[in-house]
Each structure stands twice: as structure tokens, then as C-alpha cells.
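Take a look at the structures listed below.
Look for subunit A in each of the two complexes below; its partner is subunit B in the first and subunit C in the second.
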Partner chain A sequence: MRIPLSYVIKRIGFLVAVLFTAATINFIIPKLAPRDPVTELINQKIASGGLTSEGAAEFGDSLRKLYGLDRPLWQQYLTYIWNMMRFDLGYSIVNYPQRVSFIINQTVYWTLGFVLTSTLLAFVIGTVVGALVGWSKTSKWLSWLMPPLAMFSAVPAFILALLLIYFLAFKAKAFPLRGGFSATIVVNWKDPKFLLDVVHHALLPGLSMLLVSVGGWSLGMRAMMVTVEGADYMTFADAKGLKGPRLFFRYALRNTLLPQITALAMQLGLIVSGATLVETMFSYPGIGNRLGGAIRALDYPVIYGIVFFMVVGIAVATLLVDLMYPLLDPRISYSGG
Partner chain B sequence: MSEPILQVKNLKVYYYVEAGAVKAVDDVTFDLDDGTKMGLVGESGSGKSTMAQALMRMIKPPGKIEGGEMILDGVDLVKLSTEQMRQTKLRKLAMIPQGAMNALNPVMRIDHQLVDGMLDHGVTLSKQEREERVARLLEMVDLAPKVAKMYPHELSGGMQQRVTVAQSISMEPDLIIADEPTSALDVVIQRQVMETINNLQERLGLSLILIGHDMGLMAQTVSRLAVMYAGRMMEIGATYDMFRDPLHPYTQLLISSLPVLANKGVFAGIPGITPSLLNPPEGCVFHTRCPKAWDLCSQSTPKFTEAQPGRWVACHLHTA
Partner chain C sequence: MQRGQGFKGFLNYIRRNPAFGGGMVLLLLLFLFATVAGLFVPKEGAYPLAAMPKQPPGGEYPFGTDSVGRDLLPTTIYGTRMTLTIGMIAGAIGLGVGTVLGFMTGYFGGLFDTVVKFFVDVLMTIPSFLLLITIAASVPNPEDMSIIRMALILSLVSWVQPTRAIRAQVLSMRERAFVMMAKLSGMNGMEIIIKELMPNLMPYLAISLAGAVNGGVLGSLGLQTLGIGNLREPSLGMTIYWLRYYNAFLQGYWWWIIEPVTVIALIFIAFLLLSIGLDEFANPRTRRTV
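Coming up: the complex of A and B.
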């Protein structure tokens, strides 16, 4: 094993520090904002007729008490950090008494389902296409794939989503316009008909994510492949009369994968946040769409909760990449101490 | 006299660039007897490395073998299919690369790199045979057995070059082409690696083409010497004869540019630079820098002829 335990411990300590810092910034920023969620909520309630102005002050006080907003800042901070350590993200203001952790739990799997699938598919397809296009011994017609892929990678995912919705869902009616499943179907995860319906709904948002990222993966891979093919060890391997597949997989591909895997891990960290706009386009019941809704409704606890959740995702992904490096590249090793 | 192991006849390698054809190797002819060591010297850009690539059929576009024959043990390499050539490499013809520091796959252990060439040439090895073969190859190039489980970055430059040598002899080829095998190493290691190559050549009865521009190294190592200039062969002969009595003015200049211990003072270089291979001078390619050039030299190209037995030269002084 090339990863000493002391390094792992140090690295996990670093992770904790990152999370602590993120949580602190998460706490401070809204305190700097001139808006007060409680006042805004009360005004909203009054405007919609759910509350009269007489009881408003008392209602506000009880809300502040409930959220601990009446206590001194340092006490609020300590309580907040203590809560974060227990992953207690508090209650939604708008959808009281839903817990933020409940909201995340309710939405995250929808997002993971289609974004994870499309990200991994895009990575595999993009890497294979890029590798083949970059490899000088593959036929030249493959390079015709590059211009359309490059074009798709230049288009933002939500614009592509709009086009897909218009042509495939609205005009051709081949796919549902919105949502994660049909309104008329009974939610039952054991029913294959329901599962099929879910997949049908996930195809378009997944496709828009996929098309946009495949280009990036293949462009990066092609460049790496061309660089590696010019390396001295490729020339010598060729002089050894190795078979084509061995040259391609064990010599070329194996050496190009390190930067690709790094990028993939970083991408995986961004999974939760990366699809926010696409989910909004499709009114998909995922975490990104929920975050958008929370921002519009000024539901601070939900915003903090989801953002903190994303930070955890990125931090853990980075940690995994760091620990994976020595296994992928023998030249990288972490000395202890 | 045995049949030569390698016969190169009128070999032409041209690179097609926008401005025209760059004649990197032009009309080169030579024989190499079985079991001998031949040196191939010349300035940078003289075509000696292109020669090596051509023999391995590894000329990359826009370069092309434009004509000629390369007959190795009765088989014309120019006519082989890509797959036939792949099978010929390592089994009959192997290369020792130039930049040892980068010639090994950085993510593969040495033992895997030592045997993968054999595996791709139809050798089947059990796990135990594999280990034995790796151990024997490492021993042949004076490396410790523990190197087998190491990665290239854990080895020094000299050790890495020994590993490439071990790979190139792994299937006991007829001919090894060593393209400046020691140019990236310091002089002490250079000598040790060269000794290893020499010992193996004698032990296995290989033929060797050693490419370089170190005339001193050549004098110590090879029995025959070939001098190239601007893509053309200038002179070939036994090393001893070449140093004692160089026929071609270019060879004379090369040898007189060597520092001699007894002769302190300013060394004579060769004035001028190598001509453009795109528009080589009319007549003899060397006449622009040749101290002995006369009218004929700028008018007609001298033929490469056998001036003395086993001694070939392309110069009007010796053919006229």
C-alpha cells in the first residue's frame, strides 16, 4: 500500500476543516444580507390574508424564538455548528414543519438517478470516442464526430434542454413535457410500469446533460491521446512489435486516464448542483429544482442545507480522488509525516 | 564469406512538406555481414536516425519510403505488410531507443514490460517460466532481480537503458539497431552500458548497427563504419582503415576534428553548415564545404563505388 495511514488521517482532518469553514461562511453570509426572512414571511402572510396585522408582532417573536434568532449571535453560531455536526439542518420556513434533511432526502435520489447516469455515460462515451479519434491507427471517418460534439459542448445544457423540450416533447410528443413521473400514475417503486414511467421522464433531462458533457470529455481525451502517442515509450513500444490492442489499452489509454479520472471525480462532486437549471426547465422533482424554489421563496434553512450538502459532496469527492491517485499512477505516492 | 544479414539497396526516404520533398535518406546502399557491428555516423540532420526508423518501418507521415530495398535475412522489409512487419520486429529486428529516460511505460512494472513483447509474438509462458525469463534477462544486462517488480521512475537512467536493452534482446533477434543508445547518459554510465551491449552482441552473435556522432565511441566499438552526410552515404569501410586512411574529404574532416591528446591547440571544425535537404546542391552534396572540391563536383553526383575491397566511397577524387 502506498498510502500511509498518517496521510489518510491528515487528509480527513483537512476535510473536516473544509467543512467547518464552509459551514461558517454559510452561517455568516445570510447574517450580512439586509433581508429578514421572518419579516418577509409575515408580510407575505398578511398580503395573502393568512394573518392580520394585530397578531403579527407576536407571531414574529414566536417564529424568531423557534428559529433561535432572538439569542445573541455567538450562541446562534454555536448551536448552528453543533446542529451541522449532527447533520441536523433544521426546518424549512416556507414548508414548516418539514425538516430540511427530509427535503434533501426526498429530492436527492431523483437528481442522483438521472445526473449520475448521464454523467457516467457521458464520461464513458466521451472517453472512448476521444481516445479513438486521437489514436492515429483508427479510421479517419471517426474524426467527423468531433465537430458536432464540440458544438454541443459549447451550448449550455438548459438551452439544449429547451430545444429538446420543444422538438421532442412539444412537437413530436415522444417524451413528457415535465415532471419526474406521470400525474396519473400511482407511486410504487416495485411496480415495473411506474419504473418505466420514471425512466421515460428522466430521458430528456438526462439526454441534455449527456450531449453537453460528451463533447468536453472527448475533446480532452483526444488531446491527451495525441500527446501520449508522441511519447518516447509509445515509439519504443511500437518498435517492440506489440499488438494493436495492447498498444492502445495498456500503453496509450492507461497513460491518458489519470487526468480524465481526476476530472470525473470533480464532476461527480458537482452532480447535485450541476443540474439545477436543467431540473428547473423540466420541473424535475430533483434537489436542484428544489434549491431554485427555495431561493425564490427565500427559504434560508433549505438553501443552507442544500448548499452545505453540495459542499460535503465536493469535499468527499476530492478526498476520494486524492486517495485514488497512487493506485492509478505509480509515480504518485504520499510519504507519511 | 557468409551472406550479408542485411542488404540495403538504393533506399530513399522522402518527407513530403508544402515546399516539396525533403530527401532525408537518398539512394543509400550498404551491406552488413552477419555478426558484425557497424557504426553509422554523421552530423545532426544527416539522415542517420531516419535510416534507423526506415529499417524499423516506422517512418511517420508525411514521410514515406520512396523506393529501394531492405533485405533482412532474405526478406525485403519494404514489401512486408504491416502485420508481417510487426511480427518481424523484436523477433528478427529490434531497436534500442535513444531517450532511455522516457522509453518505458511509466505505469507498468518492469517485468510486465519485459515479457509483453514476447507474449505478442506467440510465446506462451507459465507464471514460473515468466519469472525465470525475466530474471535471466535482467541478469544478462547486469540488473538485480528485484528490478522486476519496480516501476521505471524508481530506476536511474542507466538502469532504464539496461531494461530497454534487455527487452530488445528478449527474442534474440538477428539485428539490433541502437540509435544513440547512450546519448542521454553521463560518460561513466555510457561506457558501462556500451560494454553490456558489446558483451551481449558477442555472446548472442547479433549484428548491430550503432548510430551516433561520437567518433571516439565508434572507434572503440564497431568493426565497420558508415559515414552519412545530407541523406547520402559518403563512405563505408573497416573502422581501422577509415581512421588510418580516410578517403572521403568529409571523413577526413570528421576525424581531424577529434581532439588528440598529444596535439594541444585549436581543433579544426568543419566550416559551414549542412545543406538544405529540400534543395540539395547540384552535384556532390558536400562540394559547398569541401576543401578539395573542383569543377566536376558541382556538376555531377559522384557514384557510390567500391574503391578498395570492402571500401565504398562516393567522391570524384576516387572514382574519376
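Coming up: the complex of A and C.
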């Protein structure tokens, strides 16, 4: 099944609209707030003794010039949008010569590692469990899994993370308490010992993300499975004498997977938000914890830059899932609109 | 709906819909904890230096104290009150705006509908929590943020989901026979919305309200955990922020961790049960999900 070009164009147009809105919000909000980051920074520098009050005015002017704050608003806006389109997110105020894009590049892979792994695992486990519970021919004790899974899915991941840290890391000492790798180890990505250490540190943050999302996937899958089992084509396939596994995999599972994939696209934003807080709990060296640090230090270019980057990531991922959809389900065509 | 009358009929209904009953009871207990318990415990204890620091639960401090001398019993009581209040204000505003926009766009359609739908679609793609971070971090003096200001910030995103859900329901109901009848009998649009559609969508409005309050609580917890908002006044999110700040784990202050986590978990489980129960009430024919 081919995806019609008009749909792709329409969908990409929407993506551009989303990014444009996000960039505009990033631009407008600081202007609305009666808050002057330059003055705040100068006061901070004076307080810490790094700047005398005579040099402050000059320093402030050069900072304003550097950030383009001395130009008219519409020029600032156009420059801002242009910079965002080129993914030039500016400089950090607190760690001045560092570019925001450099900070993102430094941290994003840590986050991608544990978030992608835990999300995919949770999706697969949750879908299989939900499918088995919903399938009438599996044993009934499986359905006892559902209430605890549902409970877990209600609680935010970072709250669950607190419990996991206390019981599994502090009490049982089975996992490290915090960080992305041990302080004593030499950072060397080719060293298997270092890699093992990194995985060991990623397990607990990943587990808190996983436990929280398995419930949602299995609940959705179970409901779909029950609906599909009652469909006419299932009765017909059963009447033809098809065996259980073939019915389960080829007829039921395949038809119930699609809403799950749509749900996955819808959940991406929640997953990223959840991961941000989980990373903060673990002081994990990922992008979410870096965002938390920027918030505490009021490092606005980093806050806005990371938020914009996350929005872009989520919007693009959602687009990719949407475009994958007709490949998974031959019944769907977007030609109608 | 139940056939029985009054309170007995309600109890009968609860028996058939235990999730709804469980959620209501749990939420009621949390409300009582946040209000009635506050009558016996003064708020002064919820600030630093009010008590002997680092005390495990027992004796004078049934909930223990934290490492800067907050008595955790009043901190938890007033924190629960603050967090629930923020959630309820944000949720009520969200539902209010969502109801007006949802009915207007769903019933009347037109250019207004196109514009609102576009913004809802865009805001569904941009995660609300990231939007909240951008907005709340830019507010001047976040450390003095009042309950109302926090709730207003949260309500900037809490209208999106209700608008979407209510619009979809109105769209599906707009072409039904009873709406046609009302139209033929000469009712105008507003009358149909208020007299015909609104009563039929009550369960969905209740589900939207539960979702919006839940979202408000979650948003405020997340922001406070990241250090945005008032970190002096007792709230559940502020408790989480400080226990991380002072490394309660490394010191093994289990009570400081378990207490807010338990209350937060109970709040979200109450909302989960409530929404399952309300869903059962709105669509009694679908199979139960839990």
C-alpha cells in the first residue's frame, strides 16, 4: 500500500505548524514575563564578586547586543524563528561559551538509551499480557495480573522511582542510587566493563518507566482483544477449524495491534515528560535532568532550547508513526483525506 | 441507571460498580485527611525549624520530621490540601473552558470550530508538561507563587483534553433523532445544547472533570518536583523536591519518602477507580476493563 503524496504533504504541513507554534511560544513567553535575564545575571555576578558595579552597565550592554535584545521586536522574532529553523538554539547563560545544541548532544543519548528500551519493552510486554488476558482460551489466573498493573499505571513514574530507589538501591543495594555510571570508573565506551556499569545504572530508571507503562498497554490491548474475539471473521475462522495459535496470532493479534500503535504515538509526549522527572530523581546524566538543572539555575536559553528540541523529537516521531500506519494495515488508505 | 430509590438505590448501584464506590470512598478519605485532620494539627509545624529534625515516626511526631525540622504530619496534611486545591481549581477551569468550547465547536461547527480544532491538535502534539515548564519557569518570583497563580498556569493547558473529548461526543450526538426532534419543535441552538445535549453528556463531563483534576495534580507535582513554584508552603510536590534536595535516600529517612509517596499514589489510584467507574456508568454495555 502506498501512501498518497497529498497526505504526506498535509501531514508535514501540520508538523511545521506545530514547530512554528512551539517556537513562537518560546519567543513570546519570556517577553510577556516582566523578568530581565540580563539584569538577573549581572546581579548574580556582582553578588558572587565576579563583576564590579562600574563594569556592570557595559557588560549588560554587550550581553544585550550579543543576544540581540537591543533590536526591534519583530526583527528579534524573525531572527529567532530563523535560528530555530536552523536549529541554532543559542548559548547557555550559566555555562556561557557552551552552545545549547552542544548540551543537548551531550545528554540526549543517555535519555534515548533507557527511554527507548523501556518504552519498547513495556509496549511488547504489555501488549502480550493484555492479549493473553483478553483471549478467552488462556487460563484465568492471568487476569489477576490486571489490577496491580492498572494501579502501577495510575501512579507517575517518578513517584514509583522514589520507592524503587529506596527499596532496591538503598535497602537491598542491588542497584546504584544515582548517576549514569560509577564515579570511580574511567569513561571509555569501548570498555565492556564500562558498558556493563552504564547498563547497571540505567536499569532502575528504565524499570520505573517500564512498570508504569506496562499497565496502560495491557489494559488497552485486553479491551481490543475482547472486541475482536466477538467479530464475525473470528467466528468464521474458528468454524473453518483453524488452530488456536493461528487464530491468536494471525487473526486476533494482528487486528488489535493497530490501535496500540496509534496509542503509542499519542503517548510519546507523556513518556518524554515522565522521563524528565525520572531522570531528575536519579540525577541521571540525560537531557531531562539537564532541563531540571537549567530550571533550578534559571538558564533560560537551555530551558527553551531543550523544550523545543523535545517538541521537535516528539512531533517527528508522531509523524513517522502516522506514516507507518497504512503499511501496517492494508485496509487504511489516506486517499480520501 | 439504578431502579432503586434514594440512598439505598445508590448503595445498590455501588455494589454493581465497585470501582466507582472505591474511588469515591478513597477520595472522600483523602479530603477528610486534608480538611478535618487540619482542625487538630496546627499549620505552624509544616515549616522548617518547627520541630526536632530527623526524627523517625512515633511519640510526639507520629509522621516523623524531615532534616530541617518540618513536622511531617502537618506537612502531609496541608500539603495534600494544597495539592488537591490546585488540582481542583485547574480542573474546574479546564472543564469550564472545555465545556463551552466543546459544545460551541461541536454543535455549530464553522470557522470557529476549524480554528479551535487546529489549536487543540497542535497542543495535543506539544506535551502539556513541557509547555507548563516554559510558562511556569518564566513567571517572575516563582518562589512566591500562590495557589491561585499555580492553578491558573495549569489551567492554560487543562482545557485541551476536555475540549477535545466533549467536542467528539457532541459531534456524535448532534445527528441523533432526539436532537432533530428538538430542532423541528423550534428550539434554537443554545436551548438544544443546554436542555438536550448537556444532560445526556453528564457522565462524559464528569469523566472530563476527573481527568482534568488528575492532570492538574500531576502537573503541579511535576513542576514542584523540578523546583518551579512555591517551595516554602507545604505541598506534596514541594515535599518531594526537598527530600531529593537533602538526599533522604542516602540517609535512610524512609518515613520522609514513604509518606508523600503513599498519599500521592492514593490520590492517583482514587482518580483511576473513579474514571473506571464513571466509564462503566457512561457505557454500561462495554466490558469492564479492570
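Here are a few things to note about the model shown:
Note that in this section the second predicted complex is superposed on the first by the 325 of 337 C-alpha atoms of A that agree within 3 Å, B and C clash if a C-alpha of one lies under 4 Å from a C-alpha of the other, contacts with A are read in each partner's own complex, and residues count from 1 in each chain.
Quick note on the criterion: a contact is a pair of C-beta atoms (placed from the backbone, for glycine too) under 8 Å apart; a residue touches a chain by one contact, two chains touch by 3 or more.
Only a predicted model underlies this, so the values are computations on that prediction, with no experimental measurement involved.
With the two structures aligned on subunit A, subunit B fits next to subunit C without clashing. Shared-chain residue A:109: touches no atom of subunit B or subunit C.
When the shared chain is aligned, no partner comes close enough to touch A:82: not subunit B, not subunit C. In the superposed model, more residues of subunit A are touched by C than by the other of subunit B and subunit C. Once chain A of one complex is fitted onto chain A of the other, the partner contacts of A:249 are absent, as it touches neither subunit B nor subunit C. When the shared chain is aligned, subunit C comes close enough to touch A:22, but subunit B does not. In the superposition on chain A, contact is made by A:238 with subunit B only, not with subunit C.
Judged by the touch definition given at the top, the superposed model places A:158 against subunit C, while subunit B stays out of reach. Of the two partner chains, subunit C is the only one that A:226 touches; subunit B does not reach it. Of all C-alpha pairs spanning subunit B and subunit C in the superposed arrangement, the closest lie 14 Å apart.
Touching of subunit A by both subunit B and subunit C, each in its own complex, is seen for no residue at all.
Residue ranges of subunit C in contact with subunit A, taken from their complex: 118, 121-122, 124-131, 133-135, 137-140, 218, 221-222, 225-228, 240, 243-244, 249-250, 252, 254, 257-258, 261, 264-265, 268-269, 271-272, 286-287, 289-290. Across the complex, subunit A is touched by residues 56, 58, 85-91, 94-95, 97-99, 101-108, 116-117, 120-121, 151, 153, 164, 167-168 of subunit B.
On the side of subunit A, the complex with subunit B involves touching residues 231-233, 235-243, 246, 250-251, 254-255, 328-331. Interface of subunit A with subunit C (complex): residues 14, 17-18, 21-22, 25-26, 29-30, 32-35, 146-147, 150-151, 153-156, 158-159, 162-163, 165-166, 169-170, 177, 219, 222-223, 226, 266, 269-270, 272-273, 276-277, 280-281, 291-292, 295-296, 298, 300, 303-304, 307, 310-311, 314-315, 318.
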